[in-house]
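Letters A, B, C and D mark the chains as written, and numbering starts fresh at 1 in each.
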Amino acid sequence: MIESLKKEVLDANVALGESGLVSLTWGNVSAIDRDLGLVAIKPSGVDYAELSIESIVVVNLQNEVVEGAFKPSSDTKTHLQLYRSFSEVGAVVHTHSPAATAFAQAGCSIPCLGTTHADHFNGDVPVARALSSDEVVSDYEGATGISIVECFNELGLDPMAVPAVLLKHHAPFTWGETAEKALENSIALEMCAKMALMTYQLRPNAAAIPQHILQQHYFRKHGEEAYYGQG
Amino acid sequence: MIESLKKEVLDANVALGESGLVSLTWGNVSAIDRDLGLVAIKPSGVDYAELSIESIVVVNLQNEVVEGAFKPSSDTKTHLQLYRSFSEVGAVVHTHSPAATAFAQAGCSIPCLGTTHADHFNGDVPVARALSSDEVVSDYEGATGISIVECFNELGLDPMAVPAVLLKHHAPFTWGETAEKALENSIALEMCAKMALMTYQLRPNAAAIPQHILQQHYFRKHGEEAYYGQG
Amino acid sequence: MIESLKKEVLDANVALGESGLVSLTWGNVSAIDRDLGLVAIKPSGVDYAELSIESIVVVNLQNEVVEGAFKPSSDTKTHLQLYRSFSEVGAVVHTHSPAATAFAQAGCSIPCLGTTHADHFNGDVPVARALSSDEVVSDYEGATGISIVECFNELGLDPMAVPAVLLKHHAPFTWGETAEKALENSIALEMCAKMALMTYQLRPNAAAIPQHILQQHYFRKHGEEAYYGQG
Amino acid sequence: MIESLKKEVLDANVALGESGLVSLTWGNVSAIDRDLGLVAIKPSGVDYAELSIESIVVVNLQNEVVEGAFKPSSDTKTHLQLYRSFSEVGAVVHTHSPAATAFAQAGCSIPCLGTTHADHFNGDVPVARALSSDEVVSDYEGATGISIVECFNELGLDPMAVPAVLLKHHAPFTWGETAEKALENSIALEMCAKMALMTYQLRPNAAAIPQHILQQHYFRKHGEEAYYGQG
């Protein structure tokens, strides 16, 4: 089972490298096997084109390396916090995709301005607060994960209905049931951010999509009455 | 005949996937055989790279599947309404191309600011109104098609002279005599939207192209006195 | 000789198609053999990928087809006017490249804001006036060429020092000694327009480059004391 | 040793040509062998795709060609000044990448708005002043290098902590310990400039990243306590 988990993570990291979302090594994908309690993740600082099944690192939820000769992504503790707190999450993706990162840098949530957004995210994508100096010094990546969980709790958001977040001054994380779905959410998030920037150029006070259209599109693709796709 | 229709639709959907206009599976192409009264369309949620002639779905104008093992695009009823109301339309394309979608999200028609636009669309590309809650609940995709037809009727527009529309809060549809022409209109629409955004950045109140230049360019390419191309 | 002229024009049109400057068939390249008084040009409306040496059309300066089974570009008369009026021009390129076209649609010249521009154009790239209704009706493409020549005469510009123009409500033309150089000028023009748009976003009243830096860069690459390149 | 230096410079120039940062021949990479006191650099005006090991030029720090049949980059004296003044620099890259060039043209430093920037540059990327007419006439490229060194001295910046500069009205230079690292800094700089432009569109007065987050990210990747990557 662990080999298929590593293969899923390898494939998604290679796909991330080819997606146009990342420059250099600015992004990583992980996935969890809930039965084994193990997470496979990209090694830190390795080019996507040079990844192999052997270079994927396996850690447990206490951040101990279980398998692999490489160091895991420096963002591993953020991923682990998401798996511990969001029980339905099967995979996590971190990128610095430019338009979504611009919203993070501006400290602005990405508003739901149209059906493209509503097809993937049931409402605005929120911004988690900046970390304090103490948090940064003591456990930067762990505290990053905690700030995301706090943000969703405070806003009463279901992480599976809004599978993305922006970290203030930093960049986005997305997630999903599988690595493929989590990566699709990163692609959708970047495109929605790009469209929102252009929409705001045309109309700085553009209205959000009406709630009944948002719900129609979201539930066309998600939940028991979804009718999009072949599922 | 139905095989050549399916082939035309397959080729245009593959070309759409390679066009740069769509991310993920955010777009679909259909075409109609008017003699048979049958429409071939992309299957719902299938990647462009995985399409084959067998996966193309054939429906009649009452939205009954006539051939194919897959579910048709979730937007099929919108396509069918356009075929029923616009008798010269031979093919329909739906995308979420980013610049055109930004105009749709802003609720702004795409103005005819230059000859690039005039070469393809004889005037502004309009925005169809948002649907009511009742319309969304009872028949979302059918009501979407009706709102497009209403928009063209109210504005007195010839759908073959302005072969594109924006749906408020949603995205564009284009059409044409053939799937290839309908796709060309999607490509032209996105580029005109992109150019209009940059023009507005330079000059927020940029004037429309003078009517005599618009007509010259439109009729250079369309109608009996066209002299562009080898036709 | 005419075969090598046709080959130069074929290669430059193929390169234009691969340059990212044009969508669909929105651009064309021609070149002149001054000794023969003949111009080779792209056929109208043919895809760049389908061009062959046989499809290139040869016309004389009176716009009579001398060789080739295809119709020449619908913009041929504009090209010919430039060859007749600007005696040092060896090739002409027309595109609808998006950022330069946005300046044309806004009716704004492209200012010389930096050395990228100064390396290719010795000053601002001007906008030729819109044509009147009479001009459009009687000889649209010929009058377009005349408006460019008038623009350069009125501004006292040397067409070899500023080898580009914007047509109001339309798009750019560039030129050069060879088809390769004329195409390089189209690529440079689009990039300078794109950079100018971003510069204006940062600083709406950005100052032009000081004249002594402009001249240094222009003459580093052009004229008798040029020291850029291997020539 | 000189062959491996030339190979490093060849590979980095080819990678620059494929990076998407440069159009035409608008950029060059050099690297130094400090023991030999020799610098290998791109030949002037040669296409990246046509470069070979033989075409790379070797000069000494007095700008005398030591090896190679081609003329070195016209920017060679700027590179040499950086090697003479910044003793830890092993390689220099010059580009006209569009977003960074827009900041240079606007005369605006690139602010550190997020962790993407902080991962590569320990603070804002400054703008060196425009050159005077005398400087331009007497030794343009040499004076350009001197203006960069002055800028870093005046601001008290460590060139290895902020390995990039913008030249007013011109474009960026970056550097690093190796040609690969210097090129990575050019890629990071362009992406940070692009993100900053989008951030400013959303929030014209966007705040800089708090200093404690900046330092955390910078020292995660740099210095003795770095824990990013496999090093």
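Note that a residue touches a chain if its C-beta (ideal position, glycine included) is under 8 Å from a C-beta of that chain, and two chains touch if they have at least 3 such contacts.
Keep in mind that what you see is a predicted model, and the values were worked out from it rather than measured.
At the interface between chain C and chain D, two copies of one sequence, fewer than half of the residue numbers in use appear on both sides, so the contact is built from largely different positions.
Centroid distances built from C-alpha atoms place C farthest away from chain A.
The centroid of the Cα atoms in chain A and the matching centroid in chain D are 32 Å apart.
Distance between chain centres (mean CA atoms), chain B to chain D: 46 Å. Annotation for chain D: residues 201 touch two or more other chains. Under the touch rule stated earlier, the contacting chain pairs are A-B, A-D, B-C, C-D.
Chain A meets chain D in the complex at residues 23-24, 26, 43-46, 70-71, 74, 96, 98-99, 101-108, 130-133, 136-137, 140, 169-171, 197, 200-201.
Chain A contributes residues 113-116, 119, 184, 187-188, 191, 194-196, 198-199, 201-203, 206-207, 209-210, 212-213, 216, 220, 227-231 to its touches with chain B in the complex.
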